[in-house]
Amino acid sequence: MDTQFGWLLNLVCFLPLVGALLMLVFVGRRDVVAIRRTTVAVAAADLALAIPLWFLYRPDGVEFQFVTRFDWIASLGVQVFLGADGFAVLLILLTALVGLIAAISSFAIVAHRHKEFCAFLLMLQTGAIGVFSSLDLILFFTFFEILLVPAYFLIGIWGGSRRLFAAGKFLLVHLAGSAFFLLGILGLYFFNADGLAAVGLAGLGNEPAFSLPQLYSVAAVIPTRLQLWVFIAFFLGLAVRIPLVPLHTWMPDALVEAPMAATVMLAAVGVNIGVFGVVRVAMPLLPHATAAAVGWVGALALIGIVYGALVAMAQKDMKRLVITMIVSHMGLAVLGLLTFQEPGLSGAMLQLLNHGVSAGALLLLIGMVEQRRETRLIGEFGGLARIMPLLATFFLIAVLSAIGMPAFSGFVSRFLILIGVFGYSKLWALTALGGLVIGAACMIWMYQRVFFGEVTSERNEVLEDLDRRERWLVLPLLVVILWIGLAPQPFLDRLQPTVDRVVERMNVAVGQTPEADIRELTVTTPDGDDPSPGGS
Amino acid sequence: MEQAVPILFYCLAVVTIAGGIGVLVSRKPARVALSLLVVLTGVTALLLLRSAVALALGQIIVGAAAVGLCMAVGKRSPTGVSSFVHGFAPVAVVVGLAFGAIVAIGAIFGVQAPGQGDGTALTTVNGDPTGNVVAVVRELFTAFLLPLSVVLLTLFAATIGARRMVLGPAEEPRGEGEVEV
Amino acid sequence: MTPPAGRGAEPVDFSALIWIVVISPLAGAGVNGIVARRSGVAQRTRRFLALVGPGAAAAAGWALALSWWIADPGKTVRVFDLGRWISGVELPTAAGDLMRLEIAMSCRLDGLSAMMVALVVTLGILVHLFAVGFEKQERDEDRSRLFANQNLLLAGSLAVVLAGNLPTLLVGWELTAVASFLLIVSDHRSARGAAAGTRMLIVSRIGAAGLLLAIAIAAFNFGTLELEGLRRALLADLSGDASGAAVAIGLLVVLVGVIGSAQLPFHVWLTESVHTPVSASAMIVSVATVAAGVQVMLRFAFVMEANAAIALAVATVGGATFVFAAMVALVQLDIRKLIGHVAVAQLGLALLGIAAGAKWSAVFLVVLYALCLTSLVLGSGVVVRSCAGARDLRRMGGLSEVAPVSFWSMFAAAVVLAGVPPLGGFVAANGILARIFDAGIVDRGAFGGMCFLLWGFGLLGSALAAVGLARLVFMVFFGRFRGDEEPASCPAETVPAVVFGVAAPALAALFGGAIVGLSGGAGAGTGIEWTLTAMTALVVVAGIGAAARIYVLDSGLVRAEYLARRLPTTRRILLAGLWIDDLYRLTLVRGAIWAAARLDDFDARVVDGFVCGARHTIVGISWLSAIFDRLALDALVRWLGDGFGTAGRTLQRSQVVYVQGFVVVMVIGAAVLLGIAFAANV
Amino acid sequence: MIGATHFLVLSLILLCLGLMGMMMRRSFIAVLASMQLAVSAAVLNFAAYGFRLSDLQGQTLAVVVLAAGAVQTVLGLGLAVGFVRLKEASEDDAAGRPRS
Amino acid sequence: MEPAVSIALLPEVILALAGCALLLVGGERRRTPAAPVAVLALAAVMVAGVAVVVTGRPDASPGPIAGGMLVIDGLATFFRLLVLTVSALILVMAVGPLGRGGGGGAELAAMVLFADLGAFLAASAAHFASLFVGIELVTMAVIVLVACAPGGGRANDRALKIFVPNAALSAVMLYGVSLVYGAVGSLELAAVRLHLEVLAHVNSMVVLGVVLIACGLFFKVAAVPFHLWLPAVVGDAPARVSAFVAVVPTIAGLACLVRLSSGAFSPVTGQWWVVMWIASAAAMIFGSVAALVQDRVKWMLADLWIAHAGYALMGVAAGTDAGTRAVLVQAAVAGLVFPGAFGMVALLESRERSEIRISDLSRFRSGGAPAVVGIVVFAGALAGIPLTAGFVGRWFLWAAALEAGLVWLVVLSLVATVVGFACCARVVVPVIVFDSRPEDASGAAMARDGWTVAAVTLCGLAIVVVGLWPVPLVEWAVGAIGRV
């Protein structure tokens, strides 16, 4: 455990929250300029603080870095335990970047209650960064949940016409999922508290019971049956967030109705949390169950890839189309994870970043169009490339990244995922490729209808191209897109420790049955059998 | 005497049950009160049969007071008319019988009460010859002092409360900026 | 993997040259796309900037090719790593070990790539020279974007040509595809161009997916992504018991080549791409297809040599496309579409040659193709401008006086390409046909009887192609002008740059082809071969003659119209391109949209229905319980009220729940709990 | 010999009668009487078991219980009179008064 | 035999004396200058609290006092302080209404004290006599409270809704006590436990007695189907009265259940467990589902309260020390959340308008950000969102139930929680505006009642603090049951 610069991670994590609270207290609600300045200052400071993490992180071991830990609820072994590996660092950076951009972009779209909006946006940022940097399951879960509150309000207060419905659906589906996630945590807790002794290992004593590194170290001896139960619980919680078909239906509603800044934040960062949870929690802790469930989960992911692309094709609303495509993108990421091999895993993790920047850029640009024209319907547009050439170019870059064109970020992850998946299953690879082609067709078709052809509506003739502020808003994302696309190695290096950890765990599961399994343990199985230190 | 106990028991039981049915079906409040009186009398006698003299005394006092109050109030009751045939009667009978049946199944056929007393110990508790009443009273004022005093306190409170209810519930204050609008 | 040989005593710094070759068009694209589009930049500067990239690339390309030819006597294959892209990712392979994915941007310099680089950069600079001069006349502000995209296409093509491993090939291929897409849609107003571009990009997704799959198979089954290593592995595999993996790779790369060279059934992207500015069209037709299609095929020609089935598949596709496209070209009335179909046809012939093993002839044909098509496409631009933008062949005629340079250039190009003996085109076509026929006679095992069919295809196609090309030249330049407005001599005709673009390639093809043809034609000896040669020559000449009879001698096109009237069905079928396009639209496109709409419904109704259904169910239960309360309450009150003798009195419908109802429910509850407790006791 | 079981049966009958009364009588006075019935049942039980066990606790508790019953009765009567007063205060019967 | 009078009874004595004094002082004059009433009652509660702390023995398993009637152990002290806290909060909220005079204020305050006294007895009962008497005193006091509360004729009506079912159920419970007495021959809880442990197998008389007693206590904690009185009374009464009526009897009942579960009836595992399981599941599901479409806020809170009681019963069903601890924590949490939530509702109530609908909550907007934050905090706590006390309470319950193997009960409670989330989301909606204009824009803003606001603020702060830093509460609960 490397505790160096732990304060920095803490600062990055909690600065937005503190900033939001201070702003709520000290800035007048009518002083819009001050509110905006404060928000941008906080978000920018957060980004500025997060950037050093990129350099300070040393990708030389599976140990977490920037660790801080102190007791929270000592009697339960719950700790405030923060730390990051490379994957988390990258996602934190993404969050900080997108957070800043979303904050700035919100100025143009929010018409009322600026203060609350900015505060919620900042809280959302803390929630996301908190999830990425929690090393304690309870802390993880807490951030996992707390994230929903600002999101709910962002959708519900500033959303579109069906915002209440969408916000409610969003909240309830997520909460239902996380209720099961909690069940899984409890299951693990009891194994950790009681089961270890039964397996013959020293009990925890006063050790923190929810510490992820500690749980990793005992993961191999968790009985398979318990693993399966816990996995099902975790899976339900995470599948909602990923979102996997058929639990995805909250997303088109919620994210379409949300105001654009919140959509960007949720689509670029929020949905990553599900897959992050799989990497951080589900796979390393429950290797056997994951290995056992590969078929089912993989099938869902595959269905998601094709299904998301096809459903997206039928959408008439640009935003909804892009958001529906997320199902496809995330399905691909999950598929990559399930290979348990380096290329697939690296690709899947990179896919999250790529998804974040490309979907973020796309949604931002759509937001800019919407702001000018007050509609997002594809049918309303046509020929925008001539009127807004810069927007068209930026949009094209984002589209090309989203469909996995080389030199753009999307390609790297797809490349790695497909290579990995192919080694795992030929059929999967073929199906996934088919889905990708459909998805690409869908995006290109959308681009064609919006940007090419005659300008059909007179109202489109007078649209102005991106102004300076908008240009600089989108540019950072495009730079990242190109950077990842052209030189992915720095990113892959930082992902390597995480990949190694998962591969190591999964090798245990795929390669051999764990010791505990052979002993036919029935420790703290959910049926409540008596704990019996299994013999033989 | 020993032979008389069963006869007495059965007679008293019949009387008590009859009184109970009377409470159940009487139309007029006065008759209800009278039926209750019959029941309480029967119960008192049965208590005496079980050597519970003090309890019987208490029953008499409380019962008399209760019946008296019932009659006193019942005369003024605006809703004194009752009817057996309508309303909840069938439901109540069925539910009551079902409840009784379940309790009976469990209790009557599974009764395994300990002890085999004959009541003598109760009349001369701990060798004290002062009898049941004294014993119970002593018990009441030693071990049961707290419950007793609390019950009496409750009685006091309930009386005041009942008086308040009779007077009518708390009057709303007259305006005076109760709610700042 | 860089072979250690020759590292130390490198006479020329190849890798620097390669860097320049690849980077300069990319830089050109960037400069044109970002800098030159700024409003303050002068037109002159823009034109200069347009030439920088291709110029540098041409210089470096030729330097590279020449130095490879001259300075390196060993003619060894050289591989250069231009930079790591991904490294250190460990991939389990089929063999059970771990392969470290070390993916670099790797360039491979050998005879093929050297020649192709030279060809591509030459065409690139020529087209750009033409474009700068030609577009100068138009004063369109948006040309910098066009130049940028053309530069991008050049870069992509060079990457494909130079690619030393599959990922680089994929990158180049995709870059070419994107650039082609951008070029096709470069007229934003044209809905047709937009549709064509979209279609092109989508089709290219299939190719990219195939290439990606090939990469995956190569990595997983053969543990290498280098072209050389893969070649060895595949050959070893295919020469023994061909494994499914090797055949799959073969089929996939062949698929990529077929898509890239616009063969049946993927030809539509090319024939629909002709609605772009001519320079863009020239880049696509003569550079993109050569790189993304033919070069891929040539790189993997060994697969076809080793596996007859794949070869046969490609040959069939090529032969069929040759005949088909040549036939369609016969009826096309749009000059640009006609040229597009001619291009597709010639590519078909080239593929037929590659598949049949006539590699040399095929390469020769491709070089000629690239040069001639450049000339034809660019020349057609001049012609169309002379006719004030009209592209209908029926409205042309007799333009040789108006546009003499174009006339002679296009005439030369057409002659070469149509296979007039003894020019290059004839030599190449003859070589290919002879090889096929040979194959049929010598080793029937490979193709079997199909050889003769393919040979027949080739012969027929040659005739048709000759007719088509002759028709093009005759209808445009011969006879009298049939349009309404008098044609004006296009100023571009005389601009030196344009001359370069139109005339230079044609001349190069003419003389180069002639030289090679005259010198190389002497190789044949046997009677059969002479017979075959004679037959080829005969059909070509006959075709040209027929075209001359229809179009030259009858400038009014009466005969052509008569033919069209006589064979209306045939004409309609050909004009519709055998309805292949419609077939796509009706099946794939409509099907996809239909499926998408159905799935969307499904998503909204069924999947979402479950989620919302759960919610509705709970809310419903909740309502029911509330309603039950109310109904039960009402019923109770009314029921009791009747018994109470208060019937007729208005009973308040408030939340006064009848208290005794509480007791009933509670006693029932107690009874139930008792019962359950007893049941648990048993 | 009369044992606890006999008393149990009797008390059970009384309890059931009391419960039935509370469930079905619409006269509030009858409800109060039924309540007394049910309390008596428990009192009988206490006495019978006390007799059998020779133990005073049951009886003593029963005395306390009687007092508690008295408390209930007092409250009940207070409520009843309150209703009467209400009735007198307004003849409008529809004011939400339960039909006791 | 222990001496019947002990210094440890000081809190009870204080409450009793203060109650009597209030009754006597306030009895006759209809227009009491009632500010002293509230002050006196509050002072009594405070002094009693001090006395509880001073006399309470935090050490585990002390001997019984007061003639074997009471045992002042950690559990008792915990519940006593909890009840006092709740009472104090509600009294603070009631300072305003009481201070405005009017008849009955003294009775109301006195009944609060008497109910506390009853809860004290019930929470520290070592004997069925004190248990029964204590819990009856709570109910009686609550009945009087409800009957005397403002609200005209409906007050009587509401009182009746508790009175009649209570008469039936307390008779049933008493009958159960008599059966247990007959079966084991003692009324002392410790002795009952010893006897039951000695019994070779649990006979059906014991089962009967236990289940009947459980039914009686279920009535107090409002477990389904014995809950019917609660929404009808709580939903209708003035909010401050509602808060007391909902919270205190339930806490007293829970204290009894915990005491019996971990003490006297611990040998009767199977039947006890089944009964608790069913009651818990029914209460959780019913409460949440019924609350979902409630449009009247107080009814909704009542339904949610039933659900919360159900959650707490989950801990009782677990039957372990962890379960007991969880019940304690949950009781404390609920005791903080609901008075606060009812206090918020009280701010909206007026004489003209006693029925608060969800759309009326939009009036909180007049209170500015603090009111909105308050609603969000309370809704979050009711829903059980992490970082609020609501989550802490449920977390321990889930943990305990899972540890005891009650997986399906936990799953049911998760379902209930999610449904509860929906309710709370509905509550937040009109406050967070979502642009819906309040129906009566001209109508009432929220009342500016400093005392109530203070109490509610206190509750809200406590909720957040407990949510962030539950350690003291948990430690206290752990200490209270002496083990773990």
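Every chain is named by a letter (A, B, C, D and E) in the order it is written, and numbering of its residues begins at 1.
Quick note on the criterion: a contact is a pair of C-beta atoms (placed from the backbone, for glycine too) under 8 Å apart; a residue touches a chain by one contact, two chains touch by 3 or more.
Since this is a predicted model, take the numbers as computed values, not measurements.
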Shortest walk length in steps over touching chains, chain A through to chain D: 2
Most extensive contact between chains (C-beta pair count): B-D
Farthest chain relative to chain C (centres taken as mean CA coordinates): B
Closest chain to the centre of mass proxy, which here is the mean CA position: A
Mean-CA-position distance for chain B and chain A (Å): 68
Between chain E and chain D, distance of the C-alpha-averaged centres to the nearest whole Å: 26
Centre-of-Cα separation between chain D and chain B, whole angstrom: 5
Cα-centroid distance, chain C relative to chain E, in whole angstrom: 75
Touching two or more other chains - residue numbers and ranges from chain E: 129, 132-133, 136, 140, 143-144, 147, 156-157, 159-160, 164, 168, 172, 179, 182, 185, 204, 207-208, 212, 422
Junction residues of chain D, two or more chains touched: 4, 8, 15, 18-19, 22-24, 26, 46, 48-49, 52-53, 55, 57, 60-61, 64, 68, 71, 75, 78-79, 82-83, 95-96, 98-100
Chain B: positions in contact with at least two other chains: 81, 83, 87-88, 91-92, 95-96, 99, 103, 105-107, 111, 113-115, 143-144, 147, 151, 154, 158, 161-162, 164-165, 169
In contact (per the touch rule at the top): chain pairs: A-C, A-E, B-C, B-D, B-E, C-D, C-E, D-E
Interface residues, chain A side, partner chain C - complex: 169, 172-173, 245-250, 307, 310-315, 341-343, 346, 383, 385-386, 389, 393, 400, 403, 405-407, 411-412, 414-416, 418-423, 429-430, 433-434, 436-438, 440-442, 444-445, 447-448, 451-454, 487-489, 492-493, 496
Touching residues on chain D, where the partner in the complex is chain C: 19, 22-24, 26, 93-96, 98-100
Residue ranges of chain C in contact with chain A within the complex: 33, 84-94, 101, 145, 167, 170-171, 174-175, 178, 185, 188-191, 193-195, 197-198, 201-202, 205-206, 209, 212-213, 215-217, 219-220, 592-593, 595-597, 599-600, 603, 607-608, 610-612, 615
Chain C partner contacts - residues on chain E that touch it in the complex: 157, 160-161, 164-165, 168-169, 172, 202, 204, 207-208, 210-212, 214-215, 219, 224-226, 228-229, 232, 235-236, 270-271, 274-275, 278-279, 286, 289-294, 419, 422
Chain E partner contacts - residues on chain A that touch it in the complex: 24, 72-76, 141-142, 145-146, 149, 152-153, 156-157, 163-164, 167-168, 171-172, 175-176, 179-180, 182-183, 186-187, 189-190, 194, 524, 526-529
